[in-house]
Amino acid sequence: MPDVEIDRPDLEKVREALVERFGAVILETSYAHKELSFRVRKEDLLAVLGFLKTDQGFNALNDMIGLDRGRDPGQSPGVQFRGTRPEIQTTGEWRAEGSSLDHPAPLGEGRKRFSVLYQLYRFPGFQRVRVVVDLGEGEAVDSIVPLYRSADWAEREIFDMFGIPFAGHQDLRRIYMSDEFVGHPLRKDFPLEGNEECLSKI
Amino acid sequence: MTNTGFVFDVLIPVGKIVAVILYPLLMTIVMIWLERRVVALMQKRLGPNRVGFQGILQPFADAFKLFLKEDIMQDQADPLLFKVAPVMVMFSSLLAFCFVPLGEPIRIGTYRLTLWIAQSPVGLLLVLGLSSISVFGVIFGGWASNSKYPLMGALRSVVQILSYEIPIGLTALSVVFFARSIDLVEIVNHQSRAKIWFGFMLPVSFVVFWISAIAETNRAPFDLPEAESELVAGYHTEYSGMKFAFFYIAEYAHMVLVSSLVVLMFFGGWLAPFPNVPALAFLKVIPGFFWYLIKIMFFLYLYVWIRATLPRYRFDELIRLAWKWLIPLSLVNFLVAALLWYIL
Amino acid sequence: MKKVSRFLKTFFLVDILRGLAVTMRFYFGRKITIQYPEEVQPSPERFKGILRLYKDGNGKPLCIACKACQRACGTNCFDIEGVRDPETRTLRPVKYDWKLDRCTFCGLCVEACPTKPKSIRFSKEFRMATADKSRLHFQLEDMYLAGKDLQKFFKGESKT
Amino acid sequence: MSFKDIELNMGPQHPSTHGVLRLKVSVDNELVLKIEPVVGYLHRGMEKLWESLTYAQVVPMTDRLDYIAAVSNNLAYVLAVEKLMGLEVPKRAQYIRVILAEIQRLASHLAWVGFMANDIGAVSVLLFGFEDREDFLDILETYAGGRLTVHGLRVGGVPYDLDDALIVRIRKSLDELPKKIKDIETLLTKNRIWRHRTEGIGLISAAEAIEHGLTGPALRASGVAWDIRKDIPYSSYEDFDFDVPVLHGGDVYDRYLVRLEEIRQSTGIIRQALDKLPAGEIMAKVPRILKIPAGEVFHSIEAPKGELGFYVRSNGTDKPERVKMKSPSFINLQSLPLMCRGNLFSDIVGILGSLDIVLGEIDK
């Protein structure tokens, strides 16, 4: 594991404790902009979060963030809408400069497509750490609702927006989109044009 | 049949019937305007001031709009009760006005023109009873809508009116006790003879009666059956057009009725103020009817003033207020009044 | 003692009477209503009314069709084309489509405008209601309309 | 129909759901048995939209999230982007940002007092709260030209300088505020009906509040002294002297008192910032087209409604790869079923109001 310089003693302590307890389970530690983040395998997530909560006192889940790095070229997009044109219609120049939407960067070898970021808080003390889990297409991650109650809606949101299933979540429904909605809007390959045919399915 | 006989036997009764329908409606219209303007002024706004002088025609515009609106009844509603309910509410509050005297009898030659339709020896009881019939209209309306919010509003309304009937009755009793009559005209006459109004003699009775009367008329801060932030519009959520207008007018007519009762029972009806002060005897020049109107207006204003100031009670607090405070208080008050009467 | 005073205060409705006094004070106090059409609230200096193109003192358009506003716009309101004026060797717009219904009044286009004084600016005009949706799409000559002419445009009276 | 278990749909069209929130409520007569918030009626796909906008173009879009407190959204996003760029903002710009953000807090809290009073039934206070708020919105309008969607901040600083006339104007409004607050307090704080309706209602303990991720005034009313302005200062908040009001009741009444006290503290902060306003630049040197090296950053601020954070991830282009907003209302609304346990139907509106949610922020 590449060592990182951490200029905040409180966070350094957290890292030391984690490394001591879990060792190689922590795949990667990064420290940038005074934010500490650990990358773990999805199987170890509950153990790491449980340790952070009970031993290190990170008692609040601040937020959960879903990420999509885009799919490999050649893979078929998840959803196709009626009337979708292959290239995105632009009337001005505003989208021409290569948005990440238009040309999703190909995933590197061994890199998984999705990530879920868990932002934890410590009261009192008010430190934040981030735990990152990488997930491939269709892979499920354990729900952390038993640990942090506030993860309930956050997991539903990520499920809705990215289609990442959370194993063990009691009530995993879409939260923003209607239940009949097809596809997951925040995925990079979600078509931006065309008509959705969800109404005919009711 | 002589000409005068025709006038006295037919025209005047018909005129009174017309008046008893028009008077509450007129007062309602004035009240709606008053409420909207006064609430607005208390909220640092101006309120409706464009239609007619200072917006006085605004209620007519509103009524006109309601008459033109589509009359909607949803399929699930009970058609008979749904239609009966607004009529019932309207009917009960208008009927009660038959027994409300508006002033002293006027002598025209030998004929004594009374400013009421019927003087009943149990007038107060009749008015209270008739005005309570409106709760049936509210229940029918809430139930017949076959909708949840109106049902909850109706349920609240029943419990509220049942609870607040008791303090109203008890405090009215203390007045009756002193006046030795349940006749509204007689109560006023007694105040005229005693030269003191019951409101100053029995202040606790008055306050309890007034609070209960606000609750009885479903007005803020006791407007739970139609609490708009909880129950959308309460029992008349599903009503529209004319039917809604009936509920609306009946509510205001009810307020006018209750204010009339308060004035008659506690503030000497059509009597001019300060009968004991000789220097203010010129006040008697103004006809009693106007004094009566002024006093009613004051209480209608008070309604609006309270509405503009207070938050809304919660259901359980409302019932607690009635059973833990008002009813014991009115009982004690009655006891004290009885003692007072005995000593005097 | 404190309990007694609290009971008395509750019994004599002191809190409620105080509240009534406050509303009664407002009843006689200053009113804040502004009687719009007769009175209009003065707009501040940086008021963001409808976007207008401006001309210089000699009545020549300031716009140089650089498309900076088009690039800056986050909601794709603009569609601009310019041609080079053969005499002055400067670009002049021949097409300047602006869609009011897309505009979010953020002001990024005004900030991006490189001419001095700025060619595109917010006017003080806040009346932008129209019954005709096509009136929300402006073309080059419409962008100079202001005041009564602009209202006529919204009403559909002036032909583009 | 049984009275024992009535299922009520509060919303999406209901007078007191603060927008288009839908609450599925099961009631036994008046008692709340179960309550489930349903959100998503205002979902506009903001996060997707941001992926196709440049960093500067996102700023006005953030106005539309919490439309009661637009500058706070601007500030959170702008600070996150600046943190990612490693940009140092001039001191004067930081102070102006503080002034704007606190004015926005005043506006938001005053509007909240109005909404809340309206929910409880005191309609007049709605008007009073809105009138007082309008004063501060006018200041924002004078500053940036927009009342609600202010677009008052830019990446790298602030667009306009505070001139003397505006400073005088702000001071005048601040001087007038205490009297206005006092009137509202006379109408509400001591009023018996208000206290009946708020005291002991919507209880949540400190432990539960942390467990449910509550932030902002709702958390502070439960007894946790957590204010990002104090604990992780940003934008020069460490320069100012202010108290973080903390109460331990955890009920609606305490949330109301905390917000009122925050109004007073905010006026203090604005006064200090105006007094100490340093001279200098108001914009840092920022390239016309922002291209931010790849990286990820999370920055949160103390918005009027709680902790408002932005996660910004860049991939080296001029457009962000992902911007995620951590909205306080979204997290706070989750604990509504917990707060409503054992309370009456009428209390739902009060408790919902006390959370100070804005649907634009919840649904993004």
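List of remarks:
Going by the order they are written in, the chains are A, B, C and D; count residues from 1 in each one.
Heads up, the rule we're going with is that contacts are C-beta pairs under 8 Å (C-beta built on N, C-alpha and C of every residue); 3 or more make two chains touch, one makes a residue touch a chain.
Fair warning: this is a prediction, and the values are worked out from it, not measured in the lab.
Among the other chains, A has the CA centre that is most remote from the centre of subunit B.
Of the two chain pairs examined here, B-D and B-C, it is B-D that is joined by more C-beta pairs in contact.
Averaged C-alpha coordinates give centres for subunit B and subunit D that are 45 Å from one another. Centroids of subunit B and subunit C (each the mean of its C-alpha atoms) stand 49 Å apart. Averaged C-alpha coordinates put the centre of subunit A at 64 Å from the centre of subunit B. Subunit A and subunit D have CA centres that are 26 Å apart.
Listed for subunit D are residues 124, 128, 131, 187, 191, each touching two or more other chains. Shared contact sites, meaning residues of subunit C that touch two or more other chains, fall at 16, 19, 22-23, 26, 32, 73-74.
Taken in their complex, subunit A has these residues touching subunit D: 32-33, 35, 59-63, 65-68, 95, 97-101, 105, 117, 119, 123-124, 126, 128, 130, 148-150, 152-154, 157, 161, 174-178, 185-186, 190, 192.
Touching subunit C in their complex are the following residues of subunit B: 38, 41-46, 305-306, 308-310. For subunit C in complex with subunit D, the residues that touch the partner chain are 10, 15-16, 18-19, 21-23, 26, 32, 44-48, 72-74, 104-108, 111, 122. Remark: subunit C residues 16, 19-20, 22-24, 26-27, 29-33, 35 touch subunit B in the complex.
Residues 39, 42-45, 148-149, 151-152, 155, 220-221, 223-224, 227-230, 232, 307-317 of subunit B touch subunit D in their complex.
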